[in-house]
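Chains here go by letter, A, B and C, matching the order in which they are written, and residues are numbered from 1 within each.
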């Protein structure tokens, strides 16, 4: 499986294993993406840039169907039997309660039985087992590995290991990356995109698909259209270290005519990193970098022109002592949302946050929670639906979901929607 | 969601959140109970005094049906499909293997899928997330939150949070208190009551409902009746710190003509606390406080007059150094059961213990285990059935259980009872 | 339950509990085996020597059926409903990821719901609960206890406790030993035997039962027969401390005409122990002890005559400081497999390893993994099937599996075999 060149003889087998896949890892994304597919289905989910706009639309449609089926007992029973013969391993050596529970829930909705290994010290690694031996053990017992690790590129390497096993006629299972080091967290960006997709449908989920809402909004915003293209997205806070910001910005860049505004301190740790800036510019994306919400861009204060705002937590736990000292000099209160700022936002503009938010810093104070634009709790629940859609696609039962949904749809007259998506917009400003 | 008055500006958001519900928490129990119900069904289960005698009887009947259905494959299949579309979060930041496993089992009997968060250090709290944000996250993913915490009143606050979310049209799920600080553990008192209910039916479960047993017992105890009313209950050991004693005594006080005898050292830490004594006296309950089993109350030694005995563990782990020194002077051996004491008890009087018992102190030595009055292992299994009944009621499937049970009952002639409840009473003394 | 003779008054109850069963534990195996059976079915699974050759054959047949049914959705659906009303406790106070996950998987294949207690410090033991009280708690809630402990004989004691409860009319559940101290790990030896059974069928699983393979192999090895009897088995590495070696050797000794060769350093810690040597010799087994693979036994170098090779990890974590110093003087590299050694092995001889292997020592370097003789990954998956077969037998649903399999078999023409067992033998040497 692994090469052992003479010059590597001082390395552990774990180190040699990672080196073995180095040459595949450094290839351009476009060369790699086909290896993570099988017959138009996703096989391994490793990085955000795997998802084309078509895939994102398709997954959102599937997630909508799963969500709506989950509101009826007949739909729940259908879903829970879909994959009850499959068993997943959630291998989370980097802790994350939220992502972990979201994946668990997504699996359970489809009937997948979950198993977990979360504390590496209890595993066989303490007896000298390599990571690849652990992964092959999991692939012996389970039908899917969802993994989260501090080690960048480990999930990608494991996908190549599985592909090699497949080629050699051995047992091989799909790998889903639930966060690998600082570089990728593809399912988080999926749920961010899905939340924007649902919001920018401008329909009230659960009602008929006829959207009177957009019609109303156009009285104030005549240019407003549905969908993600052509809109202005703000990202506020810890842009430099925010893995979710990087992934979401990369995905938004696939849509026509988007404009991205980054609101962050002018500091090399916290501001937009060069690699992402260059990648966005290469794609011809309009980007602006500002230090606060009141700066004027294209003649309008930033806060008043955003179609959506993505807030983030300042990741203090990663501060070096020198950084902590430096940041104490910066006025970080500019990167907190206030009632006054929210009041100036467009009435339809959703506020997102990857969560958890930090009660001590207070980037989103709880008095915002009841504002109809606050989408961050809904966003978490969306994560469960889009992950369920992803799993359905990986296991190839997405078409079954569509067929069952269409049968049911013609039978149902109403959805019992406990989960109304749309902000009940403040009526005043809309009908002046 | 939360107020932020000027004088609270030094508090964390977590502290402000708890203060926000303070005014609701301090209301009298009677005012609060209706908020924990929906259409005669329990919605949130927060404290023991929520349960009326009618509710206790109804839950016991449901538990009996669940227990009997579980003895047949057809009943098991019915139960396991009842709630297989529901997913529960067991949020146990205060550890408890026994209560945890009992709730897990109760969920699994009804098909509910369980998820758990037990170690708060792995959760998002380390990233500054508030407790309420964590609870809302759980309510996004799951259909029920069963929580145990060191923090008194946290479960009650979470129930109010859920009610507020419900009112504002947001997603909201039931909260079940599995122990909050030193104050409440309502499902433990449920299982204690259920064990007494089953014992004082004086029937052999699994046989026909015609009770020849009571008839026999009345030859010795002509006044003996079925049910909990009119009986004498002894509580022995760590009365002051025993949360289970407090809850059970409060529930027994709802039955007519009960008499409660507390057997504990005359020490402010270990003896009956003033608040409970006053509450019981206000309800007109006859209570006695004695220092050992041989004291004479109403002309009879305590041990010989008890209809039921509730033993407890001395909670040494909560001793202050001063208390530990003081308790070393007390003859604690008086609070251990012995073969000789048990021989003097009424032949039908069940011995209960909330478990675990302490092998080093030995409040119930193992040689008592085979006595027919030893009910403490059965009591643990009863906890599973009564919790399943409670969950069925919270999710509104209790009527389905009754209907299915009645159908089956007419079909079955015998129950294959692996779980005979009744002490096979020593025959000698009954037929002299 | 437990005696408390005067001379034991200084012992804890836990110590008295173990002493209570001492007299049953010291009986000869033959006297004990019947107590672990009920009507020809296994009830408790405590040690390897419980398994007769007939039982081993029967379990292997059942495992084959479970494995083949798992390849089709209809078979999966059948299996997952077989025991979905049963709930297991995996009580693993001695950590083992691999054994734990294998049992979890086996349970899940049959629909058994799993619960776990893995960290003894979170359990009631910290409140002074005895082990037997914990086990009785588990038996109150669950239908099966799978236990792994550092304490030798604990599983056996628990089986006696369950038998005593059964006799006295109390609830009692099966006990499965998943490793107790240094002495027994019966299900590991089951999977080792099952892997050898599958290999020595010389058929390709999934294809028709007509074996052309053996015919081909006999051109080179005219004496070759199917089955485990009459073959030569090599064990290499840490023989003295290898619990799996002890168990497997004891089972192989039940087959006719086997020859066992132990390849280990001549050191009292690492070499074959006297008790096992005597037990094997008493059964008339031909054994050889050598220090390296090139030693000549019966005129042939060991490595060239083996029909199967069982590699093990040197258990450094158990070295005393004196042993560590002594072992540093030994040339341990002799106990590592190399490409050159494998090339000299018989083409059909499987290489097994109980896993995990040690990347730092390197007893099996990864370049062997692609050799068709490398069976160690398949061996892990076999563990899941044979454990599922064992559980099916304990719960008495093995006959249902056989009946369903026979129905299906007549309907299926091909198995979709993702799990081809047989090494695709190097063609050259077979057809010279």
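Operating definition for what follows: a contact is a pair of C-beta atoms (placed from the backbone, for glycine too) under 8 Å apart; a residue touches a chain by one contact, two chains touch by 3 or more.
Because the structure is a prediction, the values reported are computed rather than measured.
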Interface numbering overlap (same over half, different under half) for subunit A and subunit C: different
Angle, in degrees to the nearest 5, of the Cα rotation that carries subunit B onto subunit C: 120
For subunit A paired with subunit C, centre-to-centre distance based on mean C-alpha positions, whole Å: 43
Multi-partner residues of subunit C (at least 2 other chains): none
Subunit C partner contacts - residues on subunit B that touch it in the complex: 73, 76-77, 80, 95, 97-98, 101-102, 104-105, 108, 118, 313, 317, 355-362, 365-367, 369-370, 377, 380-381, 384, 418-420, 424
Residue ranges of subunit B in contact with subunit A within the complex: 1-2, 4, 12-14, 17, 84-85, 87, 89, 113, 115, 117, 122-124, 127-130, 132-133, 136-138, 140-142, 168-171
